[in-house]
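These are the structures, in structure tokens.
Presented sequentially are two complexes of subunit A, the first with subunit B as partner and the second with subunit C.
Right, the complex of A and B next:
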């Protein structure tokens, strides 16, 4: 039984990381219909920002989170203003453009910082484990679960309880009519893109204690995040949350029953089946476009 | 056009062709090393996924070439490095190797980190009867007459390591590796040794390349309660695993991770604290005490920065250039061919940073296996030094097959 709970917690912890990466992706995809293939690189930039702030300013990961959010958000803003905004009426081209931006960002980091893996220290206050019976949970992973839930809550609040959120939802529903009501849609788009990028940055910073920080690290994380967005249904916060839980737990379950390689195959197969029967995802967008 | 004009035109074009591009008519039979230069290829990825490690091999190799040139070259001739960047892609490796061997007429090519890239280059160097100097430890089971293998094969890394682990920590091994040929071959060898000494592999598993979430693996380790984690994870997976393993609160004195692939490069990324107390087996560690190594490390850090590290593959990338030099010195400058270099290097012994290394007639290298324990400062402390140099047996796990001077012999 302990094994089961241990594994359930492992799934939860995977889900929390997925959720943070996928949230930014879901917002960008949901709001603008832009499939942001550079999202993994925003995650990577977040991780490198954490490394930068730690090794040059001596800031721990937790202390530097707001700064990282701003830094990566600004980079996101620059990408949106510089490239993506010219392509809103050509959604297919955004795939190519953002993919190219991703490669450029990766190579810039490789040339500027070097391609070897960087070390970011764990926050020492979150060292150690909590053991309940035979269930051992690392404090840091517990923290990640709660943090990702609060990021979800904050995003929900932003979208439903603030003026920016109301405008964003209006723009998602009908861009032209919103413009008629005096909403500056390009500004809304830019801010939403920057917010999504900032979230990716935070996610990148928070995974640094668990993985290896390299220029290519984002690629692995973002594939799963895409799966989450597709399973959850485009543009649905609830869908993203539920889907990351599902994908995380399914990965944990299958890799426990078989092994990590076959587990991954099983998860992908399950997702293909789901898409076959629910092409819109679990929580389809009810908005008419 | 009249027929006469046409013929005139053809003749004229032909004459211009012969005069203008004599190269296409004359088969190039010139000496391999001419004009005071010995062309060599340097084929390590500077971009792409494997560049993290391979660029350090490039650096070590180039440093050796520069040192040799600064000290008067070989027979008064300078080494002329032709550098290509194969971008971590095996197909590009083959293409660039072809370019180095055919267009640049290199007498030897130094290159590769991964087995995949070596195997892509193999048909090129074998077809052209050139020589490829490969510095990495690898899974063995290969016996080319055109590759000089500078790294350890499984028997050199494990023959002393596994019994020592079993004796000190117990014989129940948990085998984990990335899912490709190297970990599988190494684990084969490990299981054979465990079988002989009465140990037991309690679980064997492989995760995809680049896998970075090990919570399931750690839960399984908790359940199996092994004595030793025998780890052949590479690169990012190794870093992620070790950090998560440490965070899960295991005590290295009770359950050490014994790695065949972890070098100073990975430990730098893992962080000394999380790596401390665990073990690696390799012929070379940066902290190895020898005059030759002190000189090597000092020169390397001076050239590439104090925050750099040397490791067991970059050491081989470095000393292989010196093996190449020693072989050339045995030859008459007019006789330099890839084949002659190969024949001259068999039995050759030079002092490398790890100790005196010798090239076997099967073109692998006799090395000095060491077991080291990682310290919190990111350096390794050698805890077990092999009494004698160990001979390479790339077919150790395969009874009835052995790699000899005549190639692979069965029976």
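Right, the complex of A and C next:
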């Protein structure tokens, strides 16, 4: 039984990382219909920023989070203004262009920092484990679960309780009409993209103690995160949260029943089935467009 | 025969001339140089396969590398078995290291070359048929097709890496014997091998063109424009889409088989996400609306990659990424789109000029005849 709970906790921890990566992606895809394959590279940039700030300025991960959010957000803003904004009417082409951006960002990091893997230390206050019965949970992973939930709450607050969120939702529903009401849609898009990128940066910084930091770390993460967004349903924060929980737990469960790789394969096949039979996702957006 | 078709024929003839005469001549009929070029040709072939589904039918398949990899592994299995005849039980070496007792049943058929070649075409096509029926019967389109094929690609690569006992895992299949076809041994550094690959590519192109120019191709282009209208006309849209998907997969499998012959190994990176998206890049750079242009796109980008990676060891990836962003932003139809636009402009210009000349001729003739009439009176 303990093994089972340990596995369930591992799944929860994976889900929390997925949630943070997928949230940014969900906003970008939900708001603009842009499939941002460079999202994995934003995660990677966040991870490298954490490494940079720690090894040169001696800042811990937690202290550098706001800075990382800003840095990666600014890069996201530059990407949106430079490339993505020309492609809003060609959604399939965004896949290609953002993949190109991803290649460029990866290569820039590889040339600037080198392709060796880097390590970032865990915050010391979050060292240690909590043991309930035979279930051992690392404090840092528990922190990640709560942190990702608070990011979710903050995003929900931003979208539903602030002026920016109201405008963003208006633009999502009908771009032309919102423009008639004086909303600067291009500015809203740019900010939403930057916010999504910033979230990816935070996610990247927070996973650094768990995985090794390499220029290519984002490539497969973005595939997973994108599947989560689709499964959850476009434009639904709750859907993204539930889907990341489901995918995380299902991966843990299948890995426990079979092995790690086949577990992942099983989850991928399950996701393919789900997209086939429910392309709108688990929580379809009920707003009329 | 309409103008488009005659342009196609001219394009294909030029392309064949380029492959069969210009390139070997330019490289001095040197087998070693031509080997690298043969590699570009196989990659051009898989880009062309993608153009068949993406450009022609509008199905963006991000998992094209899966069918390419299947073809590659099938050919590699045959060559591996040939290389292992002197091993105990004729078992490949890596199976011995991973304690496999006897040759697994699904390796057995690949002792025979005809079975291998048939399988290299049919297995990818069958996989694509299952995927196609599964997706298109449910009227899945656009982004969702892209996502499903991408997820499928990741899954299939994971399986190939995981089942090390049967597939060689991360290392792939190495130490392969050369192919023997009708008593001809494929030496991949020879001129004849280059012509073999070039011939395969031209064959595949002609077959694909026959499909595109047939009625099926017409229906496919209609589906790309508006699937609902085609459905109202009573066509079974899913069946046509599946057909295009299968044809594309079979050609990709073919290209995969050739790729193994060129490089002499099969590796799970052939099924990687980066490779699969690279195929999409080549196709987009060349222009997905034309099969030849897509093939050329694959050849050109890989040639650039080869040259640039010699010059700047790792700066070329940067260049490639930027090139790609630029292509998507500035020329969404690829090189073919630019060429096509220019051609259309030239034709329009000449037509205009001819019209004007004819008009001015007519005017002057009437003037001349007018004066003649006057003189007659």
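Here is the rule we go by: the second predicted complex is superposed on the first by the 289 of 289 C-alpha atoms of A that agree within 3 Å, B and C clash if a C-alpha of one lies under 4 Å from a C-alpha of the other, contacts with A are read in each partner's own complex, and residues count from 1 in each chain.
Note that a residue touches a chain if its C-beta (ideal position, glycine included) is under 8 Å from a C-beta of that chain, and two chains touch if they have at least 3 such contacts.
Everything numeric in this text was worked out from a predicted model, so none of it was measured.
S.K.: Classify the contacts of A:1 with the two partner chains as first (subunit B alone), second (subunit C alone), both, or neither.
M.R.: Neither partner.
S.K.: Quick check on the superposed pair: does A:13 touch subunit B, subunit C, both, or neither? Answer first, second, both or neither.
M.R.: First partner only, subunit B.
S.K.: Once chain A of both complexes is superposed, is A:264 in touch with subunit B (first), subunit C (second), both, or neither?
M.R.: Once the two structures are laid over each other on A, A:264 reaches both partners.
S.K.: For A:277 in the superposed arrangement: first (subunit B), second (subunit C), both or neither?
M.R.: After superposing on A, A:277 lies in contact with subunit C but is clear of subunit B.
S.K.: Thinking of the overlay built on chain A, is A:107 touched by subunit B (first), by subunit C (second), by both, or by neither?
M.R.: A:107: touches subunit B and subunit C.
S.K.: Thinking of the overlay built on chain A, is A:220 touched by subunit B (first), by subunit C (second), by both, or by neither?
M.R.: After superposition on chain A, A:220 lies in contact with both partners, subunit B and subunit C.
S.K.: Share the list of subunit A residues that count as touching for subunit B in one structure and for subunit C in the other.
M.R.: 107, 110, 220, 259, 261, 264
S.K.: Provide the residue numbers of subunit C that touch subunit A in the complex, in ascending order.
M.R.: The touching residues are 60, 62, 134-135, 138, 140, 142-144, 146-148, 150-152, 154-155, 158-159, 161-162, 273-274, 277, 280-281, 284, 314-315, 317-318, 320-325, 328-329, 332.
S.K.: Which residues of subunit A touch subunit C once you look at their complex with the stated criterion?
M.R.: Spelled out, the residues of subunit A in touch with subunit C are 35, 37, 83, 86-87, 90-93, 95-97, 99-104, 106-108, 110-111, 219-220, 223, 226-227, 230, 259, 261-262, 264-265, 268-269, 271-272, 275-277, 279.
S.K.: Please name which positions on subunit A make contact with subunit B in the complex.
M.R.: Result: residues 3, 6-7, 9-10, 13-14, 17, 107, 110, 115-119, 121-122, 127-129, 136, 138, 140-141, 209-214, 216-217, 220-221, 251-252, 255-256, 259-261, 263-264 of subunit A touch subunit B.
S.K.: Would you tell me which residues of subunit B are touching subunit A in their complex?
M.R.: By the definition above, subunit B touches subunit A via 47, 49, 51-52, 55-56, 179, 205-208, 210-213, 215-220, 222-223, 235-236, 239-240, 243-244, 247-249, 265-266, 268-271.
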